[in-house]
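So that you can tell them apart, the chains are marked A, B, C and D in the order they are listed, and the count of residues begins at 1 in each.
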Amino acid sequence: MIKIALIGAGVIGRIHARNISHSTTCSLAHVVDVDRGRAGELCRSFGGRADDSADAALSDDTVDAVVIASSTDAHKGHVLAAARAGKAILCEKPIADSLDDARHCVEEIERAGVIAAMGFNRRLDAAHRDLRNRLSAGDIGKIEMLRLVSRSASPPRPETAAHSGGMIREKGAHFFDLACWLAGSDPVEATAMGGCLIDPRFADFDDVDTAIVTLRLENGSLAGFDFGRRTAYGVDELIEVFGSDGLLLADRQPVPGVIQRAGARLSTPGLDRDWYQRFAPTYVDELAAFAAAVRGEAEVHASMADGLRAQAIAEAAIVSLRERRTVAIAPAWR
Amino acid sequence: MIKIALIGAGVIGRIHARNISHSTTCSLAHVVDVDRGRAGELCRSFGGRADDSADAALSDDTVDAVVIASSTDAHKGHVLAAARAGKAILCEKPIADSLDDARHCVEEIERAGVIAAMGFNRRLDAAHRDLRNRLSAGDIGKIEMLRLVSRSASPPRPETAAHSGGMIREKGAHFFDLACWLAGSDPVEATAMGGCLIDPRFADFDDVDTAIVTLRLENGSLAGFDFGRRTAYGVDELIEVFGSDGLLLADRQPVPGVIQRAGARLSTPGLDRDWYQRFAPTYVDELAAFAAAVRGEAEVHASMADGLRAQAIAEAAIVSLRERRTVAIAPAWR
Amino acid sequence: MIKIALIGAGVIGRIHARNISHSTTCSLAHVVDVDRGRAGELCRSFGGRADDSADAALSDDTVDAVVIASSTDAHKGHVLAAARAGKAILCEKPIADSLDDARHCVEEIERAGVIAAMGFNRRLDAAHRDLRNRLSAGDIGKIEMLRLVSRSASPPRPETAAHSGGMIREKGAHFFDLACWLAGSDPVEATAMGGCLIDPRFADFDDVDTAIVTLRLENGSLAGFDFGRRTAYGVDELIEVFGSDGLLLADRQPVPGVIQRAGARLSTPGLDRDWYQRFAPTYVDELAAFAAAVRGEAEVHASMADGLRAQAIAEAAIVSLRERRTVAIAPAWR
Amino acid sequence: MIKIALIGAGVIGRIHARNISHSTTCSLAHVVDVDRGRAGELCRSFGGRADDSADAALSDDTVDAVVIASSTDAHKGHVLAAARAGKAILCEKPIADSLDDARHCVEEIERAGVIAAMGFNRRLDAAHRDLRNRLSAGDIGKIEMLRLVSRSASPPRPETAAHSGGMIREKGAHFFDLACWLAGSDPVEATAMGGCLIDPRFADFDDVDTAIVTLRLENGSLAGFDFGRRTAYGVDELIEVFGSDGLLLADRQPVPGVIQRAGARLSTPGLDRDWYQRFAPTYVDELAAFAAAVRGEAEVHASMADGLRAQAIAEAAIVSLRERRTVAIAPAWR
């Protein structure tokens, strides 16, 4: 049994708490949240001891690993403390607020020699894994172009952009990571165009709600990203990879249901209404993958360097948006 | 140039007239219809000489071939006369009103030694040909089950059943033929169940508007037919063939158009609103196939014996409906 | 907590044991199997006490309900004993070996007044429920035709037909039930055609491996069933319902994965390799539905009379196969 | 009858010649080509008089209209001469080699007051028209993002880039036009990223074979373009439009054929092997639309200003590729 301390009792924290409590290989030892009541609620449902600081959890010798799901501005402190305490780390993205802080965290983790994984759960989606396996097997030859679409069903309140870092950082990180992971290649340069088409108030927080980002990778391939913060039809995600020998598509995935014919049109089931409905199994599989890494049986599914790389792409895309130019990406993650 | 006399200037006659006039290998010499005015109309659009009897056309030595698209009760007379005149024949189904008359026609044609083809135009549909080619190539191994669905978009007036022979004969003939042609096997026995669910007036003419027919073929495979006379969504046809090594499906074929996502459903283009929209190219290809047979360059796409076979299945299915039993099919067509 | 005694520790028994042990509303109190070792194995994994007879379980006053997953020939004894002991019953189909025995069981259950549900798990599939809800809402008007396809991925050993009752009883029961449940109507008569195309040894046990059954329901609609015991491409199931205002299709359901384009064809994910992979969630939902019924919060998802009705259809279809005629179905279940 | 002079007897010229000769409203009066033999060949098949200069055709008073399908560097001369001769013009894109020359041509056409249409045949595709009609009807609300994919099946020889202007101009023009036409909005700025992934020799001609272009339109929407010069699976084209109320997709359009299930995958028909197979009907419809415009019964399907606009976008994209920056587009077409 891997004993886990969970830091952060928000939406993502609750998902991890439930999965840890249902796991046959992990158990929930501590739940930490600045709002101790919120931590206590999770403990009542899923076990563990509630704290309002990470100190007790990190000094608990029986704790093997820490899941960091705190607010972004608290990540850095929690990552550094966990590394120094010698705990294995599963860290929600981003690693830290700034790229410099994130690089510092990764260096400290390497120095400490602890197992550390980024919470890139989408890598564990069944269709994404199938896609990656086929690409690795050379099913479509040399990769030349990738297209990743991600549009949320409902927008967050514009005010949240102040804390989340904005759409390009928040949503982008997952997809920048997926593109590099699928292509097996590092980023070289990025260009971006965006705007506030859904809600002009995002502009007040220096954010966009609609954007197209283009990336060049070291293997020469080009990756395009269509990002949006709201649809009229559920969670819209797809990944398409074009290669010299063919094309692979992890398409929008319909919910179960029936096909209906009437009049001049055919109607089929649409998409999930929220991301959790779509990606719930990936969090279960991510915990299992992390547990296997902690036991030394496998590599982590995504490394901290991968997290740094995704963050570097997001920063370049944001500079490109502002300065209306293609921006080179320094390989901060190596 | 193959000079053709067209007998019958109704809906199907008009299709043949247009295709003959557009063809680069055939020309329209005569159009015959008991309603001479109707024949004249076609001639004005597509050429040829209008007659109210077939005599002039059949005694015209420059005429190579006859397309018989007259009313069903006139088929027998036209087939026998054309055979005796030594003309090649393209005959719309059924060959004749009764199975005995049809058999007599086929015998006379064989005696006369003329080229004769049944108007089984659906054999020439691109998807059906692909299906047949794959089956012949053994793509799914031994054929074990066939499923053929055919539902018209709009029902005919019940009164027409008195002349057409009813749904099982009229619609069935095409699909009984397709099943035997695809399976490469002759029928052994049939069972059927049907009713008047769309319009009770069909019962007044001893007809059904909804039926399921099951057929056993000599190769052991079973073929099921879902027939109906009206849908709320266009012309509904599909053919599915199940074999020991896989399954092949010539699916319902959507019209061109766009996919729309909105709310909880995805909407895609539906089906053609009438059979001609769906099958127009098959009549063009049928004429070309018939011309090639007349020139001696190819076998006919469907023989008169094939027409007799389809008719024999229809008769057995109708007996099964009435007598609520499985009915053996005597091989009248060999 | 509903305390459950499980009778039968075979394949289906193991599924129920796991689901009961994972449930938040049920607990596993006893596992009964003539092979006590097999029962013990389940208890080690999922809890409960192992017995080689149902006596202890049925006389245990703390037991609320019995799940009967024993061999078919033992069903009758277990059903009657459970009813007399006043336990709620979830019974795998068929109710008993013969229609008379099954009717007797249902009468005894009614007399005892216990809650009893048939294990018609497919009713709880997400797509099937969507289908039923839309039909009940009148989305396609009056139901006129149903098509149900069920082909297993791999055939059982022919010898098992001696115990299972053969394909029509075993596989048919589920789909005969689904047809009546979806159409909201009782059966009137059946006709069937079948053969041994997959393995001639099924004939040695008076069984078929390929069959088409047609059913007339009281509301006039016709239901067709395509049954087979082996495919080259996984578990093949679909249900299509045709009505006066449209068509609904619960289509073959692909596994997750990617679409691949290369050369002249597009390749997409196929079907599940075994029925459990396809229908695992229905067993979880069935247990929850049964628990709700035991608590008096809902009707059972499928009644014993529904089981009797499905069994009566199977018997009629088997008579039709043998006697090559349409067979009327006496309403034994009312 | 509209009498047409065709200038240019190459691949596109032959398509126009055939369609004019099959048309019921147009006739082919002249075919002009610097290679008089090539012109003569078309005349033998489709009628008209062969010339090696446009002079005779343009001074022929019976000629109503000119179809310009000559090589790009000859366009300007032919457009100006036709305008001065007062002939209606259907002009293949681009209008001229340079943006300045193209603007000059459009001004001269306006001065001459002749009917003039750009050969943007893709606007006439059935799915594209359906898409445009639905967008105009407001089916998906406010347009926010467009995605256009166009990958040719086979690359041209790199040497042709010297004459064609390269992929962005040649292929891009069609899709830049489609985006503006669908969105009903003019372009504001463009950014692009590209490379030679298919054949490094394209670089010798200052061309790319793979590119992603992003465009901002005046209505605020963003349009992304994925361009490529070769696939392993046929002609790859799709258009997706995302709006505030939904999404519309004119998807890749499969050829007719059957679905095959075997093993773990489902195989369906792929794409056309060449663009003409895919878009043949659009040339027929374009000629009919042009004829209607010449008769004064309709607006042209695409104006010369539309051609200028598409060309301006291509030039901006090419500057962006070279200078690695977002490039503003001056409204040269108004």
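To be clear about the criterion, a contact is a pair of C-beta atoms (placed from the backbone, for glycine too) under 8 Å apart; a residue touches a chain by one contact, two chains touch by 3 or more.
These numbers come from a predicted model, not from an experiment.
Asker: Determine which of the two chain pairs, C-D or B-D, is joined by the larger number of C-beta pairs in contact.
Answerer: It is B-D, judged by the count of C-beta pairs in contact.
Asker: Measuring between Cα centroids, which chain is at the maximum distance from chain C?
Answerer: Relative to chain C, the chain with the farthest C-alpha centre is D.
Asker: Calculate how many whole Å lie between the centre of chain C and the centre of chain D, each centre taken as the average of the chain's C-alpha atoms.
Answerer: 59
Asker: State, to the nearest whole Å, the distance from the C-alpha centre of chain B to the C-alpha centre of chain C.
Answerer: Result: the chain centres lie 41 Å from each other.
Asker: Would you mind pulling out the distance in Å between where the CA atoms of chain B average out and where those of chain D do?
Answerer: 42
Asker: Give me the residues of chain B that touch two or more other chains.
Answerer: Residues 140, 231-233, 236, 245-247, 261-263, 269.
Asker: Under the definition above, what is the set of chain D residues touching chain B in their complex?
Answerer: Touch list, chain D to chain B: 126-127, 130-131, 134, 139-140, 245-251, 253, 256-263, 269.
Asker: Going by the contact rule at the top, pick out the chain A residues touching chain B in the complex.
Answerer: It comes out as residues 231-234, 236, 254, 261-271, 273.
Asker: Under the stated contact criterion, what part of chain A meets chain D in this complex?
Answerer: Residue positions touching the partner: 140-142, 144-145, 147, 149, 151, 189, 191, 193-195, 197-198, 210-212, 214, 216, 220-222, 224, 226, 228, 231-233, 236, 242-247, 324-326.
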